[in-house]
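Both of the next two complexes hold chain A, though its partner changes from chain B to chain C.
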Partner chain A sequence: MNNTITMFQNELKDLLRNRVTTVVLAVFAVTTSLSVLIGSLDFAVKADAFRAYVDALVANGGDPGAVPPQLFPLQLFRGGIEYLEILGALFALVVGYTSIAKERHRGTLPLVLTRPVSGFAIYSGKLLAQALLWLVTAVVTFLIGYLISITLGHASVSLVDLERVGIATIASWLYLMFWSSFAMMLTAILRRGSSALVLAVAAWLLVVLVIPQVGDTMDPDNQLPGGLFQTLQIAKADENAVLEHFAGYNNTRDALEVSSVTKHYERVSFAFLGIKDKYNLESIPFVWNELLVNSSMLLIFTSGSIAAGLFTNRRKALLGKIK
Partner chain B sequence: MSNILATAKFELLSLSRDGGPRLMIGIFLAMMAISSLIGLLTNLTVSDVWQTISQQGLTVAPNPFQGVSVLYYARNSVIYIILIGGLAAIISGVTSGLRDRQAHSLDMILTRQISTRGLLLGKLLGVSAWLTIALGAALSLIGVVLSLIAQRPLDWSEIWSLVALFAAGLPLLAGLAGIGLIFGATAKRESTALVSPIAIWALITFVFPQLGTAARPIALLNPVSAVATIGGPFDLLNAIFSPFAFAEQFKNIAASLLDGTSAAATSAGAAISLTAFLGLVFVLLMLIKRDQIRGVVNE
Partner chain C sequence: MPANIANLSVASESISNLTDMTNYAIEMTGVSKTYKTKRALEGLSLKIQKNEIFGLLGHNGAGKTTTVSILTTLIRPDSGSVNVAGINVTKAPSLVRSKIGYLPENVQLYNKLTTRENLRFFGKLSGLRNPDSDIDRVLQYLDFTENADKRVGEFSKGMRQRVGIAQAILHQPEVLFLDEPTSGLDPEGVWQLREVIKSLNVDLGMTIFMNTHLLSEVTKTCTSIGILRSGQLAYTNSIDAVTQEFPDEQAVENLYLSLEAKSK
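Then we have the complex of A and B:
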């Protein structure tokens, strides 16, 4: 246990000295702020357009019965979550890879392993330090987003909203931990550092971008700008009834999507933040119940990746020569 | 000149032997081959959805996909050029920049009659030739799959559109490879060399388009362009950032070539933007000094 703590402290010092840590925090602070800001501006433009439409309607003696657009401040997190999905996973890969690769490159691992230190202590110490980094990253990202949504989106501070943001923060942390430990596992298995990094990037490309992209492309509603059903002016109830005829196709598409940890993370965070309309304004217990499978899968993916890292980061693997 | 060509040839040979770039090109070609089939499957399903809606009397609108050109099925390939092709280009560029530094052979190479600019130009030419071969292979694959879908050989205008599409992809990919080469040749750490160009790629692909159109980052991966917000500050933001959203510019060219949904003037502007991108990267590459590429690479 003492060795784990020592490794944790050492890794934390390294992370604090490394410029990548500052870059990671800065990138998420900036992209989240921009996303929330752009979302707020987008809403303001649409609200103005709606007001102009109502004014014109009233001037022509029409009935302004339409419901004005309503801002749900937590929905402004959408862009920030998507950046965490894409860039967060990439940064987590690099930090995970570097934590093992740097020791190999410096030749410090054989030296450390002359002491009574196990591969487990090295791996768990490093992983704990990264866990702290990703927790800080997730908290900073959501905190900045929340503060901007309060100031620009005029959101009121409520305990329920904070709970929702808290759950999304934990989901983001689990997601980043998955990628960090995945990279540590690959780096331990592969002797050649650059191969581990390229393979990790290839996996990131497939899991984060290609699989969700194929899933999205296969969605019939994504085939026209603005949506197929909206273009054909089909009501939601009719849309659902029609799609029931294509259950096989939709199940295949869904199976493809759920093979990606990114999609589970997206579904959980979108549901709790009310970004997905179906869950907006629903109670937290209701959303928990509905998203049980996705939450469990996110947890299973992350635990599996951490366990695989534990299994592969053994003394023998860590002592392997670099090619 | 002969030294530059020799460098380019050596680069091409090295890339064809290197596992990382080969893996990425393999994924690129595999996804290209199946992208048209995904397009066909989706299109058939959407037509069935429309038929069901029509039979139930819920719409009188015509099938939005009736009589679409066979090239319509190639539109997913546009996204894979941006995503997989872009990352394959970056990895090839980074690998090219790092190789001699990691093998400690750079100092030896620089004792020969070749300047720093000549060496980097040769490397860029070699990587570009590698990407041209990959794009050519992808073009052939798409051509065969589309012929199978249409159950006839493609006509000359269709072939020309596909060739123009892949030719338009080359400055984008060569530019990204050039960015990878810049970082591969100068970065102090291997991880920085790989992550920095990918971060720039993400900026070009996701952040700039979002600033100009308010589109969601993930929505930009859909071959159907997102509906841009008009009015307020977005007109100005779009004017400022859209020339730098090179991936979206490429999507505009593709939309014009594959389904005619983008105006010719927009495509011409997009082509100029992509050429300027490659030119800018080339200038930056040529500004690199000898001392900058001789630094040691850490982990």
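Then we have the complex of A and C:
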């Protein structure tokens, strides 16, 4: 345990003094701020327009009890989630890959391995430091979004909304941890660091971009603008009956999406933040119940990846990395 | 007997099974190592007494680095027996690691960390719970205290070598391994390092195993030498005996060249 803590402290110092880490955090801060800022300004314009409309009504002796537009401030986080989903995964992959690779490249691995330290301590110490880095990244991303939405967007965010943001933060953290530990596992398995990086990026491409895109394209709601069933004027209740006739097609689409950790992360975060319209008026217990499979799969993917990293990052594998 | 004391005596008994009380700091018997098709060591046998400064000579590819890698537990031998500080390296590698210090060729450290932070890291990994007082002592010993809080990335090769030595001796190892320690150093750096190596041996009683291809280095630093040729020990003796056998100034060089000539 002592060696794990020592490795953790060293890795954390190294990460904090590394330019790449600074760039990663800055990119997240800037992109999230920009996306939430644009959304917030739009939100503020809509809210102000509504207020002006009510004022005009009152001035003309009308009824001020007009129905307000449905504005969901948590939907402003959509951009931040998408950045984490795509860029965050890529950054986590690179940080995970470099955690062992940098020791090899700069030649510090022999010095570490001639100490009475286990592969477990090296891996777990480094992973803990990354866990802290990704937790800070997720918290900062959502915190910036939250602050901008309440200040510039004039959005009112309730305690329940904060709880939803908290759940999305944890989901983001688990998702980033998946990619970090996945890259560490590949680096341990493959003898050549460059092969591990190429394979990791190929996996990222497939899991983050290709599979979700194919799944989205196969979604009947995305076949036509406004949705296939709405265009065909098929009632929501009858959708399932129609889809039963296309079970093979639907199962293929489901299987594809279930295989992507990105899709699980997206479904969980979109549902809890109400970005998916279907959930934005639902209670948290209801969303939990609906998203149980996706939440569990996100947890299984992440813990599986961490366990695989633990199993593969043995001392013997690390010794094989010495030049 | 209380359970914890019983456990302790069982633990010390199992350690004593792995530890061989001997006068030798290093013992290698019939050690072989092959990389795919290339045989690096072929039945190497070598004994180095405690408190020696041993210099292992050999041309490139003779098996010097493989020997040091086996002794420092970085690779396992295919066959043969290896004991360091009386402990078998294949049976109790972790115990061996706690007894050795290692300075690789072209030592690489954490450039973004200061000298003290680097040493604290390596000290803790070596089992020192609170290494700060040891760090102060070692830096003072190496006359490097003024650089304790500077980042290692700013240092010259010679300064880095000092930090490298500091990390290797911080936990007061019984055996210190130096792989081509003077490689890349300027003449002043070489002289300073030589003095440090000698004083470590005299002041702290460390056995030092030095791996080099510089013939002049061994006569000036070592108390005994070995010459490795094609994975086997071609010659070993004390420096005093070597200089008696080859009385001119270029004693070791003559010996080395004569062995090389024999092998051709």
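To be clear about the criterion, the second predicted complex is superposed on the first by the 263 of 323 C-alpha atoms of A that agree within 3 Å, B and C clash if a C-alpha of one lies under 4 Å from a C-alpha of the other, contacts with A are read in each partner's own complex, and residues count from 1 in each chain.
Basically, a contact is a pair of C-beta atoms (placed from the backbone, for glycine too) under 8 Å apart; a residue touches a chain by one contact, two chains touch by 3 or more.
None of these values were measured; they are calculated from a predicted model.
> Identify the partner contact of A:Arg106: answer first if only chain B is touched, second if only chain C is, both if each is, neither if none is.
It touches chain B and chain C both.
> Which partner chains sit in contact with A:Trp134 here, chain B, chain C, both or neither? Use first/second/both/neither.
Touch partners of A:Trp134: none, neither chain B nor chain C.
> Once chain A of both complexes is superposed, is A:Lys13 in touch with chain B (first), chain C (second), both, or neither?
second
> In the overlay, answer first, second, both or neither for which of chain B and chain C A:Phe301 touches.
Neither partner.
> With both complexes overlaid on chain A, does A:Thr114 touch chain B (first), chain C (second), both or neither?
Touch status of A:Thr114: second partner only.
> Determine, under the contact definition given at the top, whether A:Asn2 touches first (chain B), second (chain C), both, or neither.
After superposing on A, A:Asn2 lies in contact with chain C but is clear of chain B.
> In the superposed arrangement, does A:Trp173 touch chain B (first), chain C (second), both or neither?
neither
> Hey, is it chain B or chain C that touches more of chain A?
Counting contacted residues of chain A, the larger count belongs to B.
> For chain A, give the residues common to its interface with chain B and its interface with chain C.
Comparing the two interfaces on chain A, one with chain B and one with chain C, the shared residues are 106.
> What residues of chain A sit close enough to touch chain C in their complex?
2-3, 6-7, 9-10, 13-14, 17-18, 106-108, 110-117, 319, 322
> Can you list the residues on chain B that touch chain A in the complex?
Going by the criterion above, the answer is residues 19-20, 23-24, 27, 31, 38-39, 41-43, 45-46, 48-50, 52-53, 56, 58-59, 61, 64-65, 76, 79-80, 83-84, 87, 91, 95, 98, 102, 189-192, 194-195, 198-199, 202, 206-207, 210-211, 214, 216-218, 221-227, 229-234, 298-299.
> Across the complex, what residues on chain A touch chain B?
Of all residues in chain A, those touching chain B are 20, 27, 31, 34-35, 38-39, 41-42, 44-46, 48-49, 78-79, 82-83, 85-87, 90-91, 94, 97-98, 101-102, 104-106, 193-195, 197-199, 201-202, 205-206, 209-210, 212-214, 216-218, 220, 222-226, 228, 231-234, 238, 242-243, 245-246, 249.
> Contact residues on chain C for chain A in the complex?
For chain C paired with chain A, touching residues are 72-75, 94-95, 97-98, 100, 102, 104, 106-113, 117, 121-122, 124-127, 129, 167.
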